[in-house]
Amino acid sequence: MIPEPWAAIVNAVIYLLLAPVVGGLIAGIDRRITARMQGRVGPPLLQPFYDVGKLFEKENLVVTTTQNFYVLSYLVFMAVSGALFFSGGDMLLVIFAFTLSHIFLVLGAYAAFSPYSHVGAERELIQIIAYEPMIIITAAGMYMVTKSFYVSDIVQSAVPIVLYLPGVFIGYLIVLTIKLRKSPFDLSTSHHAHQELVKGVTTDFAGPNLAKIEIAHWYEYVFLLGVVYLFFGFNPLLAIAAIIIAYFLEILIDNTTSRVKWQMTLRSAWLVAGTLGIINLGVLYYLRMVIVP
Amino acid sequence: MSYLTKSPWILHYDASSCNGCDIEVLAALTPVYDVERFGIINTGNPKHADIFLVTGSVNEQNREILKNTYDQIPNPKVVIAVGICASSGGIFRECYNVMGGIDKVIPVDVWVPGCAARPESIIDGVVKALGILEEKRKAMKIPAGDTA
Amino acid sequence: MKQEQTIIPIEVGRLIGSVEQFRNEGYRLAQIGCTKVGDNSFEINYSFDKDYVLQNLRITVTAETEVPSITGMYWGAFVYENEMHDLFGIQVKGINIDFKGTFIRTAIRYPFGVSVAKEEKK
Amino acid sequence: MTKQIIVPFGPQHPVLPEPIHLDLVLEDEKVVDVIPSIGYIHRGFEKLVEKREFTEYVFIAERTCGICSFIHGATYCQGIEQIMGIQVPERANYLRTIWSEYSRLHSHLLWLGLYADSFGFENLFMNAWRIRERILDVMEQTTGGRVIQGSCKIGGVRKDISNAKLAEMNRDLDSIKREMEELTTVFLKDDTVIHRTRNVGVISRQDAFHLGAVGPTARGSGVAIDLRKTGYGAYGELDFPVITDSCGDCYSRCLVRCKELFTSVDIIQQAIAKIPDGPVDVKVTGAPNGEFFMRAEQPRGELVHYLKGNGTKFLIRSRIRTPTLTNIPPLVKMLQGCDLADVPVIVLSIDPCISCTER
Amino acid sequence: MGFFEMTKTALRTVLSRPATILYPAQAAKRTPLTRGHIIFDGSKCISCSICQRKCPAQAILLSKEAKSWQIDRFRCVMCSSCVDTCPAKCLSMDPVYTAPASAKGVEVFTITYVKPPKPEKKEEPIQ
Amino acid sequence: MQVSQLLIFLVLFPLIAAFFLLFARKSLERNWIVKLAALAIGAVSLWLLVAGFDKGMMMFGVSGKALDLAMLAIELVIAVYLLWLGLKHKKYSVVILVVIQAALLLWFELAFGHTLVELPNNLFVDQFSIIMAMIIGIIGSLICVYALGYMEIFHEHHKEIVDRQGMFFFILFVFLSAMFGLVFSNNLLWVLFFWEITTLCSFLLIGYSQTTEATNNAFLALAMNMLGGIAFVVALIYLATLDPSGRLLELSTLLKSGYAVAIVPAVLICFAGLTKAAQMPFSSWLVGAMVAPTPVSALLHSSTMVKAGVYIIVRFAPVLTGTTEGLMIALVGGFTFLLTSCMAISQSNAKKVLAYSTIANLGLIVACAGVGTYNLMWVAILLIIFHAIAKSLLFLCVGTVEHRIGSRDIEDMGGLIERMPKMAVMMFIGMAGMFLAPFGMIISKWAAIEAFIQAPFGLIFIIILAFGGSATLFFWSKWMGKIISVMRNQENVEKTVPQDKYTVLWILTALVVIVALIFPLISSVLIEPYIMDVYGYTTRLAEANIIIMLLMLGLLMIMPFSMLFESKTPRIAPPYMGGRTTEGGMKFHGSLGMSRDLVLSNYYLRTYFGEEKLFMVGVLACWGIILIALVMVVGVVL
């Protein structure tokens, strides 16, 4: 079902306004918990906002002016894909818009013609191809359970999706680690200095451009966690709890693993996540089509 | 106060120091000192940095690297010379390959004495630099046309 | 407790042969170092270690003497030989990885070498 | 046509606390060629012997490096003592040994942290450095300096440690040991760490020996060189093993260092138990005339201080051959054919110290 | 299992107190031996200039004519060599380190020591 | 003119033009003939669209018997010619195949020639044919115009190659004629005839440069297509044995005749389709065909001829729906899609990448058609349209770039945005058209997922799409990245590109965007009615989604203008080089005191996506599947 247009628009607007706030807070909490896991005090809760505010106060330093365009497009399409998601749109469309936005980020890095950005961009691409299949499988799984690709339908479904899709859920959590740029999969860039790539894909962005990338990340966080919500859509409280637990798990994994290499990332995403997802869907399909036609 | 002072990202460069000061700079990031409390992140990338922490006495080969790196930091920025070597060349002042103090190559805003400079000293130095950073930001704004 | 060490002065011409002998006897190259002992006179010590006993071959050369490289026997010796060239101005022939004076770039040429002594006198 | 990427790695690079440069030639992420260039820290202070009296040169020797500062100072002093035939009081020898081993603890912990950081394990880095702070505290309490201790001088040491303090240090080491056990377990048992270090940067025993590897780099390949066995300081009176491992990869080198942490604790505890009472220095008169190759075991391996004096207050040569310098050729071999992601790990695995390498 | 070896440590640290010293709100770690900065007592200095000679960093400049003793704190490496060698014991090492500054400069002290009259010195051994 | 006349015009006119071209000696004459003919063909194609889009299927009788014989004669002449060539070049496999095919044809004629009645409707046209005709008529003729300029330069660069441009354009136009014939023919004998003509054209054009490599690849292509041709003939013989009157040779009748009758010829003809569409065990011929001049690759080997292969499979899709045989064919397509997408990652030769991507997309179409549900059919047709436009644009761009920079290696295209900005923008749009939302191919991919999930065993294809799709993304993005990376001190070499080429390229670029914009219209006017005719129901994308897509497209188009409104003028700094000093021309101070060039290449991940390894996997898997399908067919026959 297509959602009511006005409701959809209201949701989208709410997302566009609130997601950066929520995303920034998540980032802030993340940094504090991380610090605590390392036996440190950590930065203030609002630190991510300070950072972004700071970046806007800085000079815009670029290698080529086209970088500005790519970064802005990255931000805009990231926001668009999230807005589509929260307005209850078609999951697949959301995924494609999401991919589009990432391509802009990658292109921005390529544009700089710098060794570190370049390697970062290649790795970012490897990451995209690593996680994308799993996300599509997730959408397909949700369709098989709810008979709809529309987020609005999926979220309203009273079916406990996660019970039908446990494999898909675990697979999604694995790719979530990639998406949140957490160790062991923080291949292309990371929050602190990156050991082999300096800053990887964001190396040659400075000031306002970097701020935009950061905001786009916030939009992304909220969207990605929104997908976690869908698995538990039948019970909002449980869903919120699941999001919190999932995120905590991600932080824990981040803090208890070293970064693996790209080969491992690709393999684990395609094989582990893919296999879990595929087996899950296969079983579901079998049950649906063969046992209960 | 601007955001700039709440989120100073640092870049550390070892312009031929003896490591004493470098490891103290690193120590400042670690649990006991934890400068991330002040929003400080060690970026490792000049293009993301606000504060340039330089240790060491600058030798012949480091000069251009130091200068290049400095140029790649977007404005406003401040430079902190950490340790005696960075301030004056210290005990190595008279070596044939030493420039003696990074102010010979790039402008320095804060000097942090010590051999090795202690982490607390480095924190003090950064705090001092924040004030200068704020002034530079204001100075940068004025030509942009605002009344300020 | 005194660490055992001997110094064996030899001719430049016998260097390769002697080094080869050390290598064959299973010695490890511990270091090559150079000392300026006169206006244009340098001692070069090749130190070899086996069972914590240090044997040093010593040749005495001038800046003009061409010293043969021992990288053929000890691949890693290039670091010392490049260093010797960059700091003392000793000519080493046939280094496997020859940095040609860019191993350590110094503000003054051959800071430990002959030319400096002259410059300083002026 | 080969599809290559050239990455200028360093001199300013977050994984390298010190500047060194590598021209990396990559195909995809495979390193097909690597050419190092150094010289960013070369200060040329060996030449300062001509301007500073041999007694003050200790302070310069100490600043060869801020990590094993103490060992540099002590090795220099021992070299001069050998030339001048000075007999140092036993207590001073023990104290030198204790501080040396503390230096090794702090250096290895520091290295473990940086090494963890090189494969992106931030938490491990933080933990290693948190433990290291406890070592530094002891250093500061006993010498007055956290990283540049300045407690050694020709003829002995500048400061004594009271026996009460020694007892306290002994107790403290027990708890530090427990923390280190937990820490090293992660390095040696965690799958993701093993994934990044096993079979990475392999160097055979043969190569390690002939390319001149020393210290843990050599011992990780099964070459048992440990200069402490020559018995300088008080080592001759203490009992400790030379730790080796045979695989020659990054994991082995890490394993050797992890085990050495505990050896060091053991050495310190033995020394504290055996330390005699008495003075800590003797008066030094005259000037050194002669030459000596003083060798000592640094955390990174064999250190050589070659000293030559001519009877004046100014030496005619101080030549410091540091472990990293001789570990560079093995490093170049290790890097051939690795992945880009392995470069920081391999570089770190020899525990490079550029400051003393270039002097 | 070799996976998540770190988990225990991470979970324990997240629940326990951080190791951080909240400097500057909390006082810095300091020991009596800590080498912070040199204190000069002008009333004792006999202007022998040994400190100047023994300072490896050439941070001290003594001027007998001007009766001044100056130290460049941005050169001093806190080695304590001067303290050890000063025959008049007028130098001492204080654990508080020199504060960071945005300008370098030397600190100048005047030497107020007055050489005691000779006879008194002769009496000393008698006392 | 009536619709039937339009059809005949479209088939015959190119042929006439071709003969003129054969004798046009001067390049000026050739220019005019090609341009005018192209204009006419394009215009008439459009006319056909206007005249026929709302009429459903129309059939026309053209007196056939004599024509049939003429065709047979031509086919035999061709066979003799090929035989001669095969012997001359010692290509005995080709010789054997030619002999087999000729023998089968002769036998067919001898056995059934007298029993066959004259078919009432040799020609037909429906919306699907119109779509194909538009692709051939508009894109095909644009490519011909482009080829004029291209071939001039080609011969300037390659003095060693005999200038046979008259021949070249003759073949091109004969080919166009054959393609029109193929899509308008209702008589399977005719289809076969045109089919073989396209094979021949392809063979001749691949071998145009007469180098050893070109000749070998031409024969490879020929051999593989002959295999398909033989299967095609066998299908006809089977049909004739079922009904010696030959009524079943009428495509429209055959398609309605049900599973029992149609499945065997369907599988055989689809097999022919697989060879023509270069599906997996046969994919190598298309990769080899890249030695041909680029317009040939654009015309034959991406936008039209290979489409004939999928065209015929899509035609048979209703027969295949829900059958195991259909599933097998779909699987061949699916594996081809997945594996060739992956293989493209390991390639740096631009034309090879395009070739693999073409094979992959054809594979996807085959997969859709093989499963054959109504909504997948919709997707398949959409894919045909989008792919033809974007891919021909890309081929032509690569051709132009190649002429300027002298290389078709992607690694040499670095910084094209500075060196040839217009080309770069066009390539950029073409690539976006291939894999980015909200352009054509991604719309199709999306629709494909939505359609597959409702289809039996669709799950397999969703997974194939998910993995193959992301591989696609990798190689396009890195190529895009290459052309837009801004290297400094690059000279603009664009000015020398002739105006004609630009016109063609801009039209194609515009088409990529326009078709993405108006695809709902195309769908409702052309595709949906056709699907409706075939299946009785139809599909489309939800309206809200279409609106969102259009909004996104709008947004995408206005984004570049954001560059005009930069609030802060940025400071330009050199890229981060670890502190190393950079000089102009992207050099930096390296070790050993050398000044090194900064070289950046893309990743090719050969250990994972190496060509040989994946190719072996694909060949084995797909041969396996095809054999199973054939065994099943044999089972049906027996």
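As written, the chain order gives the labels A, B, C, D, E and F, with residue 1 at the start of each chain.
Heads up, the rule we're going with is that a contact is a pair of C-beta atoms (placed from the backbone, for glycine too) under 8 Å apart; a residue touches a chain by one contact, two chains touch by 3 or more.
Remember, predicted model here, so these are calculated numbers, not experimental data.
J.: What chain is the most remote from subunit B, judged by the mean position of CA atoms in each chain?
T.: F
J.: State the pair of chains with the top count of C-beta pairs in contact.
T.: Summing C-beta contacts for every pairing gives the maximum at A-F.
J.: Taking each chain's centre as the mean of its Cα atoms, which chain lies farthest from subunit D?
T.: F
J.: Could you tell me the distance, in whole angstrom, between the mean C-alpha positions of subunit C and subunit E?
T.: 42
J.: Centroid from C-alpha atoms only, then distance subunit A to subunit D, rounded to Å. What do you get?
T.: Going by mean C-alpha positions, subunit A sits 43 Å from subunit D.
J.: Would you mind pulling out the distance in Å between where the CA atoms of subunit A average out and where those of subunit F do?
T.: 36
J.: Nearest whole angstrom, what separates the Cα centre of subunit E from the Cα centre of subunit F?
T.: 82
J.: Give the residues of subunit B that touch two or more other chains, as numbers and ranges in rising order.
T.: Counting only residues that touch two or more other chains, subunit B contributes 13, 30-32, 34, 37, 42-47, 59-61, 65, 69, 72, 74-75, 90-91, 94, 96-97, 115, 118.
J.: Counting only residues that touch at least 2 other chains, which ones in subunit D make the list?
T.: 5-6, 8, 11-15, 19, 29, 37, 39, 42, 44, 47, 59-60, 63, 121, 123-124, 126-127, 130, 133, 145, 148, 190, 192-193, 358
J.: Which subunit E residues sit where two or more other chains touch them?
T.: 4-6, 10, 13, 18-20, 22, 29, 56, 77-79
J.: Could you please specify the touching residues of subunit A with respect to subunit F in the complex?
T.: 2, 5, 59-66, 68-69, 72-73, 76-77, 80, 84, 89-90, 92-93, 96-97, 99-100, 103, 106-107, 109-118, 121-122, 125-126, 128-130, 132-134, 136-137, 139-140, 143-144, 149, 198, 203-204, 208, 263, 266, 270, 274, 278, 281-282, 285, 289
J.: Any idea which subunit B residues touch subunit D in the complex?
T.: 12-24, 26-27, 30-32, 42-46, 56-57, 59-62, 65, 69, 90-92, 94-98, 115-116, 118
J.: Given the complex with subunit E, which residues does subunit A contribute to the contact?
T.: Touching subunit E from subunit A are residues 33, 35-42, 252-253, 255-257.
J.: Can you tell me which positions in subunit E touch subunit D when the two form their complex?
T.: 1-6, 8-10, 13, 19, 29, 31, 33-35, 54, 56, 77-81, 84, 93
J.: How about subunit F: which of its residues touch subunit A in the complex?
T.: That would be residues 414-415, 417, 436-438, 442, 446, 449-450, 453, 456, 459, 462-463, 465-467, 469-471, 473-474, 477-478, 480-482, 484-487, 542, 544-545, 548-549, 552, 555-556, 559-560, 562-563, 566, 568-578, 586, 598, 600, 602-603, 605, 607-608 of subunit F.
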